[in-house]
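In order of appearance the chains are A, B, C, D, E and F, and numbering begins at 1 in each one.
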């Protein structure tokens, strides 16, 4: 190992964190669907202890939505994508904000979850266009 | 919310951890596809530092596979499912073992990742049968 | 390292995730005792902020119970154990459910925590029988 | 608290995840300084086991850099900032990429860590300008 | 790798966990400032759902304060420091307790957060004295 | 719960993070036993990929040892304990250092793991003395 470690490192042209190259906006979508379901169940159940759990779990799931989206934005999308889809940066910024304090973390409004899912759907369609174009 | 907080507590009949009720074997499948891709890139790249990262990330992704499968086994599937699909317990036990030390954590053999993906596909088909039957 | 990595991999006969081979149901039991203590303190303290924290921490500890049990089920127990103890699968499925939404996550009933502790005790006795038999 | 719980719900205009409103690019900078130090110590120590640990810890610290930067990008910066600093999106995308697979995760080149620190410094100066302007 | 791994391991004189050698009490201070801000916003917002989130996030941030302080206590400070600053052990024990159940986790009193910040400031000044002396 | 929510806030005299009051040095001991087993298996298996995993998992388990010990030091032990057992601070500082970079994280020497286990045994005996005295 030593000998190899002392050799010049082979070049890595990576677009993900290994790179493993496997990305799927479904990961963000599934967590966002969970967030929407949690909000619906929150309104359907008046047990205060249940609602405390709902708020907690909604916080965690919303954070997973942000994580999955951030990874797509930084690790999957590359300069040529941002040139071809100039709306990408704002789209991801809005989508992650919609999963944050001004979004599904801070709100129990189903419409906010629907807005988040709509943004993820926009990202998803661009994502698959770029995969087909690859 | 306040008015609701003042109403009597309602009964909760839960089968998932909020319950949010959103489950999708795609979560385990995506992580397992990542594991397979990591193994393939591991063999294609002889940089020792890259391989150390590949082993690390394969470990983490394999663990995510186990987590997603365990949640399905405990939180989604219920007694009637285990009666109708008596193979479910062994199927989940084998699948999670295939993502562990004797599986994709301990091995860099692509076939092991394929076996894992095949088990997840079996679970996936049973899962969707039960969803349709619900 | 390269030379070694290109050599056929030595066989690993693993039953845990390194394998390290150290398992102890005490890990699940301690977390479950904590869950029970949290429920008792929840009922003894009427401060709403305290109760929010109790529900949160109970959620986390209950999840640790599930994690520790899942690891035993997948990583410690092997086919011969499942043959000798045909109740193992149902026992683990019930125990992990008792730490979930229909169990100590969703409930503040001390009896549910006692039921969970009883299931862990059953698992513990089988575990130590298998260790002695090893 | 009780009395407050009984009062009507007030509007929340949030720009962070509670909102707590405390942000500091120093969090990303400290982790990036750690990454640079790890790379330096990696080159200074030929013990393979040490180097494995260095690669692991560099991976984790690089991820923390990404996390801290993503939070600033989504949670601190708002539309008016992006209008005033049109380079912000690309700056954050480049900085987080510099902490990823094509950056400090995949490389043991000190220059890459220096590039990352330089991007964080650019973000830091914009951040403090916006704080003064607030 | 094998040959090297079988050679006596080169001595490591470490004072942190790689060691990377980068420490900064600012990490604990920033989290504690967040805790104080959360408590202030908690009192300023009567929405019960907001308060549940505030209590949750305060719990997490308080824990990060403890983590950062524990790392300084164990990994940065060494015997000569404890000889020169005999108050260090009690200082860290009190500071971490001030971020725990009897501190900012269990309380919504701003004064408790101020006491925590004061302890961190004491640690910070000792820390920088030792850095200058190094 | 509602009625309770309407009652005046009661005083909380806490010495753990809920407080749940359940502590057991067995948690640290089990992780340390795992660390020792990992080191033994590391020396018994020359597969480089296995050794990379061993180093990774040893790092994580060693960190769990530190976590469990830190919690005991800050959350369980109180001023009267430190008066009665003046060696406690140094004992915990040495034990956590033995699980760190200069200990089981940085070393593959079984003796270091034995030293760690010995320190945990000292803490364990003091712990149980204080429980009996309580």
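The rule we apply is simple: a contact is a pair of C-beta atoms (placed from the backbone, for glycine too) under 8 Å apart; a residue touches a chain by one contact, two chains touch by 3 or more.
The chain list, named the UniProt way, goes like this: A, B, C, D, E, F = Superoxide dismutase [Ni].
These numbers were taken from a predicted model, which means no experiment stands behind them.
Peer 1: Measuring centre to centre with C-alpha atoms, which chain is farthest from chain A (Superoxide dismutase [Ni])?
Peer 2: Centroid comparison gives F as the farthest chain from chain A (Superoxide dismutase [Ni]).
Peer 1: In terms of residue numbering, is the interface formed by chain B (Superoxide dismutase [Ni]) and chain F (Superoxide dismutase [Ni]) classified as same (over half shared) or different (under half shared)?
Peer 2: Since fewer than half of the residue numbers are used by both chains, the interface counts as different.
Peer 1: Taking each chain's centre as the mean of its CA atoms, which one is most distant from chain D (Superoxide dismutase [Ni])?
Peer 2: Centre of mass proxy via C-alpha means gives C as farthest from chain D (Superoxide dismutase [Ni]).
Peer 1: For chain C (Superoxide dismutase [Ni]) and chain F (Superoxide dismutase [Ni]), what's the span in angstrom between their mean Cα positions?
Peer 2: Centres of chain C (Superoxide dismutase [Ni]) and chain F (Superoxide dismutase [Ni]) (C-alpha means) sit 19 Å apart.
Peer 1: Please compute the C-alpha centroid of chain A (Superoxide dismutase [Ni]), do the same for chain C (Superoxide dismutase [Ni]), then give the distance between them in whole Å.
Peer 2: 30
Peer 1: Give the residues of chain B (Superoxide dismutase [Ni]) touching no fewer than two other chains, as numbers and ranges.
Peer 2: 1-2, 5, 8-9, 12, 17-19, 46, 48-53, 56-57, 105-106, 108 - these are the residues of chain B (Superoxide dismutase [Ni]) that touch more than one other chain.
Peer 1: What does chain F (Superoxide dismutase [Ni]) use to touch chain B (Superoxide dismutase [Ni]) in their complex?
Peer 2: Interface residues on chain F (Superoxide dismutase [Ni]), with respect to chain B (Superoxide dismutase [Ni]): 1-2, 5, 49-50, 52-53, 56.
Peer 1: Within the complex, which stretch of chain E (Superoxide dismutase [Ni]) touches chain C (Superoxide dismutase [Ni])?
Peer 2: 1-2, 51-52, 55-56, 59, 105-106, 108
Peer 1: Can you list the chain B (Superoxide dismutase [Ni]) residues touching chain A (Superoxide dismutase [Ni]) in their complex?
Peer 2: Chain B (Superoxide dismutase [Ni]) residues touching chain A (Superoxide dismutase [Ni]): 1, 4-5, 7-10, 12, 17-22, 24, 26-27, 30, 33-34, 37-38, 41, 45-50, 53-54, 57, 61.
Peer 1: Mind pulling up the chain E (Superoxide dismutase [Ni]) residues that touch chain F (Superoxide dismutase [Ni]) in the complex?
Peer 2: Those residues of chain E (Superoxide dismutase [Ni]) that touch chain F (Superoxide dismutase [Ni]) are 1-2, 5, 9, 12-19, 66, 70, 73-75, 82, 89-90, 93, 96-97, 100-102, 105-106.
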